[in-house]
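See the structures that follow.
Both complexes below contain chain A, partnered by chain B and then by chain C.
What follows is the complex of A and B.
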């Protein structure tokens, strides 16, 4: 299993943490040299990080306080952009509720499905390697390709309607379009999450299961009282990654519905795109303000989540 | 004397060799490489060519040109025009850099980073934003330098690219809407084919008579009525109304004329004689028309090559959109060539634009069948006389036609028109309420510009 666990995501060893000391060499000079070597190895990544993350984030923050149409230089606008975002009907009535709805439905469903899949794949089933590949396949396929496949599957005269005999125009109906996109997202991400869970499962010592079995725990009880508590850090990781990903859902909506019908699939990221690139008068500043607001929302939700999961962790431990 | 002559010609040969090598050093599109070959043969014929002329390629002016690539055939047409240009103007190298996908964001970000092309497509729908931001070169002086006049072009087109009294874009071609009708379905229903003199009443009666939904697998509807802001406004114009007021500072979508047009348009779907493309599982009504499931659609000249390629057996005709109570009404879709205000070579850029929109090039555009020429002189061309379909689309620009442009909040206006129609179709909202809501939202957008 090549996938790294969340616990392993601490920064790579830098300044020779456990370096053997050699007599004669200046300790301080050696540490400095090692640190420099470390940073030298990191430098390509650091360059990318500063160019595409630190600089871009900082510039977006600056733009969020300006009025900018890409053609004239940005003009300082203070908090006007933020005020307009918060007064925007499309944001308040459609994009924000839609985004939360998306997160609240997709995250639990995809976490549960991938956990069950991982648990099943961890058993000694026949052909489990084949199944693993099949479940993982959607995750390595381009989301645009999968979106197009779903567009055809759910077209008015598509496969789904022909099999079920329904005449629903799935992607053009305000009551169904968003759920089709949610289903597709669960379909594509569950494979990756399953792999992460699988890695976590294989870290659980068989001795614990043996002990539980001796105590007379059924398979289901083992799942509930051994697997899930042991997987807590992995679950936190999967849910966090899921929440962040769901708050940022864009490409599927861009390909499948363009935010329609009647804004029923307009999410915050789609609204950012619309303001930044699609409107006749480009509103780059206002779009940046919304992007900053979205970042703050995601940050708040992630911190809250960590508190909740760690809190419940300490109470049951 | 003889010796001097020999020396000169030897020198010119060396220079020629050098010049012939030049293109290899800088990778340029095929177009340019062929120019060099032409030059070579030309020079070989007259051995006495002066050195000065041979040296010209060394001071090549490079002009970058960009546009979207809507179809391979259209790209090929542009490339062949550029090739002709390169033959006539060896001193100017045109680098063609088509943008596939989302054109406007790509162009605007190029402007933001100062890497915009010298010459580029500008859609009528959003070009004014560029003019207002002062990133376009006014073309009036350059036009005067080559004797190009505004009067050479269809007035509605050149006026649409005039801002504050200055011309900023030369329309390269255009389209308007025509009523496409399926001749076989008209014959099967025993109806007379439409004419340019049709009115709304004729349209309504024909749509009802043409509708035949007895076969659930292949229902036939009289008229396509998509919730499309590129179709519906023509009906508002035909009813004597407008989408925006004269200076685009307010919308008139809640006027009696617009609401009346909305009632007429949506009634087709309500009484079953019209349908949306989605109702028959398609995204575009052109496809439905090709399949013979919509007997009539309002589309532009782009449908002609599409039908030729995809549905060659569809037997169709095109007439002017039927007149409403307020007379003729039509929409004009057009794209112009604009030049960046930051260009290093305005004269060379203008030469390219002038060439691409001159009568000879426009004639080639017309005869290719992709779009209609913007030059008024081609009104009486043989091609239009022999092509009733193209002729109907061309004439559509002359009668009651207004540009597809709604001002600075144009995209919001488009969104609101299609949403209002969708609310009527999907949620059963009344036309009056739907248009009042749309007008309110447009006013909010105008206030929040």
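What follows is the complex of A and C.
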């Protein structure tokens, strides 16, 4: 009995019983164990994060300063790649203006439509659930399937022409192709954005409306001075997601037009793909430079848009 | 605001009563109009896919007359690659979903419950990475999954700083996974993602600790607690993440396009797009195939609608 006592008094640092006797060492051991457990739990994410985010970002930056065609090792090129991007006619005259046009049309339209739909859904009308299901349907369908369907709807002999009696060759016409793709994007994303807005609307506490009503605010004033300001963070989120997504539009372009006709639907992301993977002379360095430029543009637009949305109202603290 | 309201009331009153009266019909009209827009493309696709190829462009437009299931039979029977694509898509989506749910839950649990150095820094880095446009890492990602950032690998003897130690060695380190044209090439980079980790972190933070503490009192270690207590009680959240992941991976296009090269290894979206290039005139068959691609997601959607909608609805509040 007395012989076994010393053993009990020096337990391994991990055992909780030792805490009372050797507080310092045990606590340190426990913390070390917890840190190790933490990193063990985190390891899959850490591996992917360091490989495909941190390292990839650095490598993309490095590649953007090189000339690389996959066949020979990357060759240092300094700013030559960036200069070539900025001097490239397809980029300056088509891809860049097309991408901005796409963002400037699709983002406001889809935000507005989804906001209106969310308000309508928030009116406690009948069949709400049915409408909600239907509105979300286009969002669960794959971009390729939706694109294939739209290619067929807007074909020369397609349903659209049959219903309207028009004879427009929508996707082969420089004046219409890009708008069909934009319309399709609005069609697929509005349902999702509507759900986000609806959740935002339902999050606004009824107490705030009651307070406004006691103050004598009309329904319209409540909408203007309560709903919109309270919804501002959600609007910011929806616009940000829209901007980031629209700047990178690719699948639909690839399936529907391949950037044509006459490059009228070539966007920056499509151009990156074209340079890096499709052209006969692969230009991975120059494509990386363009990817970096696109990222900087997206960053700048997001910051600018945050200023605009947050600056447009003084009610947010 | 009160004075403002009283001043505005008399002038706006008339207009306002008119609005109150017609408000609901207007809202119904809006909802019905958008519902028609949402359903019409799918409806026409269904009708078209149920008509014989020869009658594809003859009226009527609205009903599948003459009716046939021939296109669906063609997809399943005479097109031998179709089942492969279906299987490839299923393997990639299921594997990615299972791995992502597990890894995101593990990382989320670590961020929410455990204490370790650089935790705050790593969490913030993850939040920043959520805003990063995917296209910027597209090329490095392709190189890492495929041929490697240095084609042919990096000889040990040429390593910076420590290369001298291996002067005589002929060992070559691979700098990529070499997974081009293989299904794991699409699975690996997506087996965990920042949004999922963030979602699980928020969930575990809002979750009461008592159960876990009780388990620890009983002497269950952290790993045991996690797998036996924490995972089972977060079922709902895990299912939501699983559905979101499955939908995304089932529909993914750009990465498979770059990584999978031979038609045998295509996923369904890739196959459908390729199929269209080969058999443009058989559009009825393409649309029938497209509906096959849509069907599993639709079934999942109707079975778990609540989770789908909740997952989307909560994504908006992450900024707040």
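Heads up, the rule we're going with is that the second predicted complex is superposed on the first by the 254 of 317 C-alpha atoms of A that agree within 3 Å, B and C clash if a C-alpha of one lies under 4 Å from a C-alpha of the other, contacts with A are read in each partner's own complex, and residues count from 1 in each chain.
The rule is simple: a residue touches a chain if its C-beta (ideal position, glycine included) is under 8 Å from a C-beta of that chain, and two chains touch if they have at least 3 such contacts.
None of the values given here were measured: they were computed from a predicted structure.
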Fill in: Partner chain in contact with A:279 - chain B first, chain C second, else both or neither
first
Could you look at A:34 and tell me whether it touches chain B, chain C, both or neither (first, second, both, neither)? second
With both complexes overlaid on chain A, does A:242 touch chain B (first), chain C (second), both or neither? neither
Between chain B and chain C, the one with more contact residues on chain A is chain C
Kindly classify A:135 by the partners it touches after superposition: chain B alone (first), chain C alone (second), both, or neither? second
Report task. Classify the contacts of A:59 with the two partner chains as first (chain B alone), second (chain C alone), both, or neither. Result -> second
- Task: Quick one: classify A:262 as touching chain B (first), chain C (second), both or neither.
- Result: first
Check: Which partner does A:70 contact after superposing on A: first (chain B), second (chain C), both, neither?
Finding: both
- prompt: Of the two partner chains, chain B (first) and chain C (second), which one does A:292 touch, if any: first, second, both, or neither?
  reply: second
*Of the partners chain B and chain C, which touch A:81 in the superposed model: first, second, both, neither?*
neither
Footprint intersection on chain A (chain B / chain C) at 70, 155, 157, 276-277
Counting only contacts in the complex, chain A reaches chain B at residues 69-72, 84, 89, 155-158, 169, 172-174, 260-263, 276-282
Residue set of chain C touching chain A in the complex reads 1-2, 4-6, 8-9, 12, 16, 19-20, 23-24, 27-28, 30-31, 34-35, 37-39, 41-42, 44-45, 48, 57, 61, 99, 103-104, 106-107, 109-111, 114-117, 119, 122, 125-126, 129, 131-144, 147, 149-151, 189, 191-194, 197, 222-223, 226, 247, 250-251, 253-254, 257-258, 269-270, 272-273, 276, 283, 286-287, 290, 293-294, 297-298, 301-302, 305, 308-309, 312-320
The residues of chain A that touch chain C in their complex are 31, 34-35, 37-42, 44-46, 48-49, 51-57, 59-60, 63, 70, 73, 113, 116-117, 119-121, 123, 125, 127, 131-138, 140-146, 148-153, 155, 157, 159, 162-163, 187, 190-192, 195-200, 203, 212, 215-221, 225, 233-234, 236-238, 240, 244, 247-248, 250-251, 254-255, 269, 272-273, 276-277, 284, 287-288, 291-292, 294-295, 298, 302
Per the touch rule, the chain B residues reaching chain A in their complex are 102, 104-105, 108-109, 111-112, 125-126, 129-130, 133-135, 278-281, 407-412, 419, 422-423, 426-427, 441, 444, 448-449
